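So the structure is just underneath, and the comments pick up after that.
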Amino acid sequence: MPRFGGPATMMRLPTQETAKGLDACFVGIPMDIGTSNRPGTRLGPRQIRDESRMLRPYNMATGAAPFDHLQVADIGDVPINTFDLKSSVGIIETHYDQILSAGAIPLTLGGDHTLTWPILRAMKNAHGPVALIHVDAHADINETMFGEKVAHGCPFRRAWEDGCLDNNRVFQIGLRGTGYSRDDFDWSRTQGWTVVQAEECWYRSMAPLMQQVRDTVQDMPVYISFDIDSLDPAFAPGTGTVEPGGLSTWQALEIVRGCSNLNIVGCDLVEVSPPYDPTGNTALIGANLLYEMLCVLPNVPQGTTTP
Amino acid sequence: MPRFGGPATMMRLPTQETAKGLDACFVGIPMDIGTSNRPGTRLGPRQIRDESRMLRPYNMATGAAPFDHLQVADIGDVPINTFDLKSSVGIIETHYDQILSAGAIPLTLGGDHTLTWPILRAMKNAHGPVALIHVDAHADINETMFGEKVAHGCPFRRAWEDGCLDNNRVFQIGLRGTGYSRDDFDWSRTQGWTVVQAEECWYRSMAPLMQQVRDTVQDMPVYISFDIDSLDPAFAPGTGTVEPGGLSTWQALEIVRGCSNLNIVGCDLVEVSPPYDPTGNTALIGANLLYEMLCVLPNVPQGTTTP
Amino acid sequence: MPRFGGPATMMRLPTQETAKGLDACFVGIPMDIGTSNRPGTRLGPRQIRDESRMLRPYNMATGAAPFDHLQVADIGDVPINTFDLKSSVGIIETHYDQILSAGAIPLTLGGDHTLTWPILRAMKNAHGPVALIHVDAHADINETMFGEKVAHGCPFRRAWEDGCLDNNRVFQIGLRGTGYSRDDFDWSRTQGWTVVQAEECWYRSMAPLMQQVRDTVQDMPVYISFDIDSLDPAFAPGTGTVEPGGLSTWQALEIVRGCSNLNIVGCDLVEVSPPYDPTGNTALIGANLLYEMLCVLPNVPQGTTTP
Amino acid sequence: MPRFGGPATMMRLPTQETAKGLDACFVGIPMDIGTSNRPGTRLGPRQIRDESRMLRPYNMATGAAPFDHLQVADIGDVPINTFDLKSSVGIIETHYDQILSAGAIPLTLGGDHTLTWPILRAMKNAHGPVALIHVDAHADINETMFGEKVAHGCPFRRAWEDGCLDNNRVFQIGLRGTGYSRDDFDWSRTQGWTVVQAEECWYRSMAPLMQQVRDTVQDMPVYISFDIDSLDPAFAPGTGTVEPGGLSTWQALEIVRGCSNLNIVGCDLVEVSPPYDPTGNTALIGANLLYEMLCVLPNVPQGTTTP
Amino acid sequence: MPRFGGPATMMRLPTQETAKGLDACFVGIPMDIGTSNRPGTRLGPRQIRDESRMLRPYNMATGAAPFDHLQVADIGDVPINTFDLKSSVGIIETHYDQILSAGAIPLTLGGDHTLTWPILRAMKNAHGPVALIHVDAHADINETMFGEKVAHGCPFRRAWEDGCLDNNRVFQIGLRGTGYSRDDFDWSRTQGWTVVQAEECWYRSMAPLMQQVRDTVQDMPVYISFDIDSLDPAFAPGTGTVEPGGLSTWQALEIVRGCSNLNIVGCDLVEVSPPYDPTGNTALIGANLLYEMLCVLPNVPQGTTTP
Amino acid sequence: MPRFGGPATMMRLPTQETAKGLDACFVGIPMDIGTSNRPGTRLGPRQIRDESRMLRPYNMATGAAPFDHLQVADIGDVPINTFDLKSSVGIIETHYDQILSAGAIPLTLGGDHTLTWPILRAMKNAHGPVALIHVDAHADINETMFGEKVAHGCPFRRAWEDGCLDNNRVFQIGLRGTGYSRDDFDWSRTQGWTVVQAEECWYRSMAPLMQQVRDTVQDMPVYISFDIDSLDPAFAPGTGTVEPGGLSTWQALEIVRGCSNLNIVGCDLVEVSPPYDPTGNTALIGANLLYEMLCVLPNVPQGTTTP
């Protein structure tokens, strides 16, 4: 079968309805009603799956062979209520409680970033407070957006309120752009979180930073939330709230690969907006990053690296 | 000033903050969270305004010169809550109560079709039940969509429940496509509404139908709600819930021009979705249809027609 | 589940690996190596499935409710050899022999038009020579293209050579454009086929023509092959060999609906090329036409028509 | 050679530097600095040539075989001054004087409509005043645009001033949209020209109109100027000054084919704007219409028509 | 109001007709008739304004809060003559004389680069010769282009001829590509200007260069002219004369931020071409760079930098 | 003549039918039937030529002036059989035998990467085994793809089998992504080839690597095969098998410029796919890289470098 034929599942994996029996699962959340600017992330899961079609099982850079060590499937999408954001948040939390109770690690195809709040609530339900590696152009810690507490600019404030986070082990990487005051990023710092602004990353490898992340997180349960808008729009044009001066895919790959040997309990890749991705390449990059996350899950040995 | 320069207001009209002193006003509702399929209508008002730049004041086909007879301005957008559809509905109703209390006729740049429900509520507040000329691929009379009563597939059911409509003077033109049962359109008929399916329109002029509409509506207050997806996607590709086999722009122009000499109390043009409109032409057509609506408002004389 | 979520199967139908137990099945052929101009139809099946997501079960125009009468599933794609056209032709024939031996009627999502030749060979294997309703801008009866006998401009010449067709019951509708001589269409006429050039269709209903088709075909097994380029590019821009002056979707719907009460043994919808379909609307129209074909299969009662 | 290979000349014709020895020639004018709205027609000639690649020599609808009767080549582009519109007008006139002195009939690939003025001046130099068949959404008879006499809204006013036109044999077909007063079209009528507004064309064949055109023009030298924006944007999205409610390609083909047996001295196809033509189909239609013009040139016999 | 609603002014600022009372103003020049290749910059000002909608007042990287220190508005567009480039140049100079006489610093939204010549003439009228920081892929110092002295490849030659520049304080950064001879860049060097070719910038921070610029310029009046094509097309695809191997947005931000504490008298951001910017991201980056220019104007304190 | 006018040949060079009398020639291969994912490279040669229109003769970075030293023309396209890949391979080999027998160095505009195999066979016919500088995201050394030996993932395996390569002087640069096992790249290493994975290139100049390449290759005949997908999709979105984490155009230019003073016998630039290149910029970059290859051919002196 040509790779562009056959069912459009994530990496052409088999599907199943629930996470039962799986070590890890891909799951989509077709949602964009939490976005504050350009819409379209509701179509993210379908396009990420479609563009994942060229992904082969072996990671040429790291030597990881995740399917030799993990049972993985695509368990489809969360049936959100596309007319009610607040209701959808509840649907998501319940859905992830079920995934986690099956013992599977969810890798989420977003969807707007609002979805990370209910996932982190489910994470806390299962694991207690978790460490967080949050890669994004934005801090997403607004108290409210236009008066609302549920929106894609607020998930980490809500998760913090709910005690989902281990504040000494929260990293926000790639932040930049414009805001209302210095406190837009300093609020995070005040909570004990580590903020790495995009300017600190320019022209350089992320390997040293990730060493520091690994040293800090150690064996705590850790969640990875990767907003594709952390990338510079040169690398990821297809998203809704674009900020120039961002990360490169070189850095993005180093960040995800730098999460090896951690106790990862879940991951998401959010904010891919197909209507702003005329070539499909942003979705393709999202698919690659999700695959790289799979490659660093617990129990996946890292091979010999690039010579 | 070149027409592509200067402020991007509707038809390059002056702006004002309220409808005070106006006979008619253009007003935008940048909303898409009520849509059930492709998003993007939140950007409709901006693109309709931008693409209205070539519209000149005189209607070469009908001889109407609306600005000689009406005071018109662009009064900007309704400040909806983009994170809460139900809350937005209330904001819209209040906003239109104010416009109507100023005595202006609103011409609305949508926005998804959910917005017509609160506008019709405001219409009823001001005028009592109104006649309705509803041009659409869809009946939009669902009791609910995925369990929700507020959605772009439900506005006319809600308006009917609220007693906003004069059931003997409701016309639904252009309906087609797939549904769940015959009742999807027959519910309308049961209420006394006139349903004109798209198939009845193919290959023919809409002038006879509009004569019948005018004969029925007479001097009742009448509202025009024009969903751009009533047009075949050949003519209006840039929308979210596409149904082939629709109306042509020839017919659309005949329908709007056929509303002359009616007691029009308000109009909307909804469901233009810029991300699916790569040339901008769907927004441009929307702008033209809004202009044509302006040309048939009360007190605008119709000139000599095309020889 | 929102309609843009969940598995991207045709009409969100369940999938199965074979046609066993089905009355009808959707099957994709992701092929474009037979095309002589713009490529891209290899991606047609995936995009047609994706854009079929808004299709509901009941046909509002004809009253058909196919799923009340037929067992239908999406059986996935034919595993063609994308590097060898001639080899792929053999794979297709074998695949359809199996579908037909299961007793299911295949509705094919193309793919370039080369695929109809091996399907018609399988049809002959199962049913003997069949009547043909071929809707296309092109006759596709070239002896060769650039010296090759297997190409998207030759399938009906090959099928004729192989004795697959009942020459007195072959209709080619929508032909137009440029050629090498009058014989490009007259060859068909010489075989006894009926050629209806596009010019004969302009501005008029196809209902009378389809009455004539039905009167001629009677209860012979009949195959429908619908090349999306039969439509004018206004209606179906997303295809590879565009000819202006074509059919409208109004006519296309009349043609397919006019095939009711025939003994249809198979159908295809070919030549949708997603790279030339920036809105997805051509794929959406293709999906609708495939649904309309399902609605006229044997044993699907036609309801009361539009009043 | 595949049709998408080889030199991108018009219809893959041979090229030559001048019109010497030719009966007819294709010539491009890569100009858009005369446009009042969206730019891009400077790229029209290149894209029309590229998309002409599927055109074969024989006209299946009319039986014309122009290359059996005429010596034709592509003579390249006019070297306009892209920084100075007024200067370019002079360059064009001189260039066409040379073409006409070689005895060739020029078929022009535009470029914005300003170019027709200098071509008509050259026509007058060679033939005296000519009859005109002008197909357009706009009358293009403005005295000035923003104070300028040279612009794409003025060519026919300038040609009239210069005595290039036989006022009793001027036809303007497809006019519509908005203007400044009734006089925008009536000025033409005052000169004795025949104005056929688009509304008069809706839903009907152009054959009767073209019979009237032929009866009037008789054997006068006649020039055809075809602005692609005469077509409805459904049929020709890729242009700069879009007006809904226009002609169909069915009608466009009837108009050009209806010019057979006239004494055509030149033709142009203008206002194709590739940046607004994402599929290339507008350029392709432009190429087809230029081919149809070639098919009705003097000395090309019309074959038996469609049965 | 959602950020995608409301008037599409630069940064959603209030508008006023003149620069009276302002410290700085945004002003658009909707011009592309000076371009030598792809058109479209006439639409630049509108799209830059539209895509500026997410810009918030505080600069998270530099701590600048320009609106706390400066009175700023959007004063709309210059009414150029879109049919005459030479005439437009005069209109622009006069317009900027008025802005400068009001005491405001203009930040210009282009528009093709021709516009910088008349602006520099106005600068000289107000300030005498100015220092120049010119970021571009091209030197734009051609004596003529195709015989014309006014074109987007000539503004700095013209400004030099007119004595607008302080030759010891002119920097051209990012130059690259192909030319006619070594002298294409060495002419600048001969005048005493500093040319920094793109190759000298690859892989490295611009901070040291900007230190050198500041040391040289000192407190001279200085003008910043930023051609978006200085960026590599990866970062800024939406422009007309693309040269690979350019600057990154990381470097662009460093360059503009490196202009702090200078005596800036005006700035422009030119050559954004929306038809070649399908996502809008190039316009968005242009908007960001204009905001960054605002942040380094005199009297805007720079805050504490990124930790 | 404006650069966007005139014949769309490579760099606006003159054309000739054969390579006779040339030192170097540009030649296109309009082929995509060897591709395993997105199609479209059949249109690569036409779009590369079109977008080469701004290339001027002098290399501002290296001082090369190739046309002062070499006789160069565009000799058009290879007449492949677009319906048969295996047959096309033979046509290509024969075509290049003829070019080489004329003594010209071919610079090839692809086309999918399958084409390099027959070119390398022709190279061996003329020169014996050659050194190879292969820049690509993929090793393209598959024994088969889906059972086929001729495909764009196999050319270098086939060339190796045929003894076309000097195994001690083969460099593969930019490899990355996913595969089936470590051996996907180690097979190359086993043959003695040098594999430089993309990760080894991140953030750094390619100059040291190219010094090593030159030291190894010395004066052996060397062929350069540049797959545009070696570039990160940020830099070259318009290709079919995209892998994130690739090279930048900065590095690409360094690689090609680093090939100066070698005994280059041929070059290709492959895998540009116009349907995935909405701005044309990928084709433009391809055109630039082909020009840079011309600049390093034997007998072209390198000028003084950037100061």
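A, B, C, D, E and F are the chain letters, set down in written order, and residue numbers restart from 1 in every chain.
Everything below uses one rule, namely that a contact is a pair of C-beta atoms (placed from the backbone, for glycine too) under 8 Å apart; a residue touches a chain by one contact, two chains touch by 3 or more.
Nothing here was measured: the structure is a model prediction, and the numbers come from that model.
At the interface between subunit B and subunit C, under half of the residue numbers appear on both sides, which makes the contact a different-residue one. Each chain gets one centre point, the mean of its Cα atoms, and the points for subunit A and subunit C are 42 Å apart. Annotation: 37 Å between the Cα-based centres of subunit A and subunit E. Centre to centre, using the average C-alpha position, subunit C and subunit E are separated by 55 Å.
Shared contact sites, meaning residues of subunit D that touch two or more other chains, fall at 2, 4, 36, 38, 42-43, 82, 146, 203, 232, 234-235, 276, 278. If you check each pair of chains against the touch rule, the ones that pass are A-B, A-C, A-E, A-F, B-C, B-D, B-E, C-D, C-F, D-E, D-F, E-F. Within the complex, the subunit B residues that touch subunit E are 1-2, 4-9, 15, 28, 30, 42-43, 45-46, 49-50, 76-80, 82, 278. Those residues of subunit D whose C-beta lies close enough to touch subunit B in the complex are 36-38, 146, 175-182, 184-185, 197, 199-200, 202-203, 232-235, 237-238, 241-246, 276-278. Put simply, subunit E touches subunit A in their complex at residues 2-4, 53-61, 63, 65, 203-205, 232, 234-235, 248-250, 252-253, 278-281, 284-285, 288, 291, 303-304, 306-307. Looking at the complex, you find that subunit A touches subunit B at residues 32-34, 36, 38-40, 42-43, 81-86, 145-148, 150-151, 275-276.
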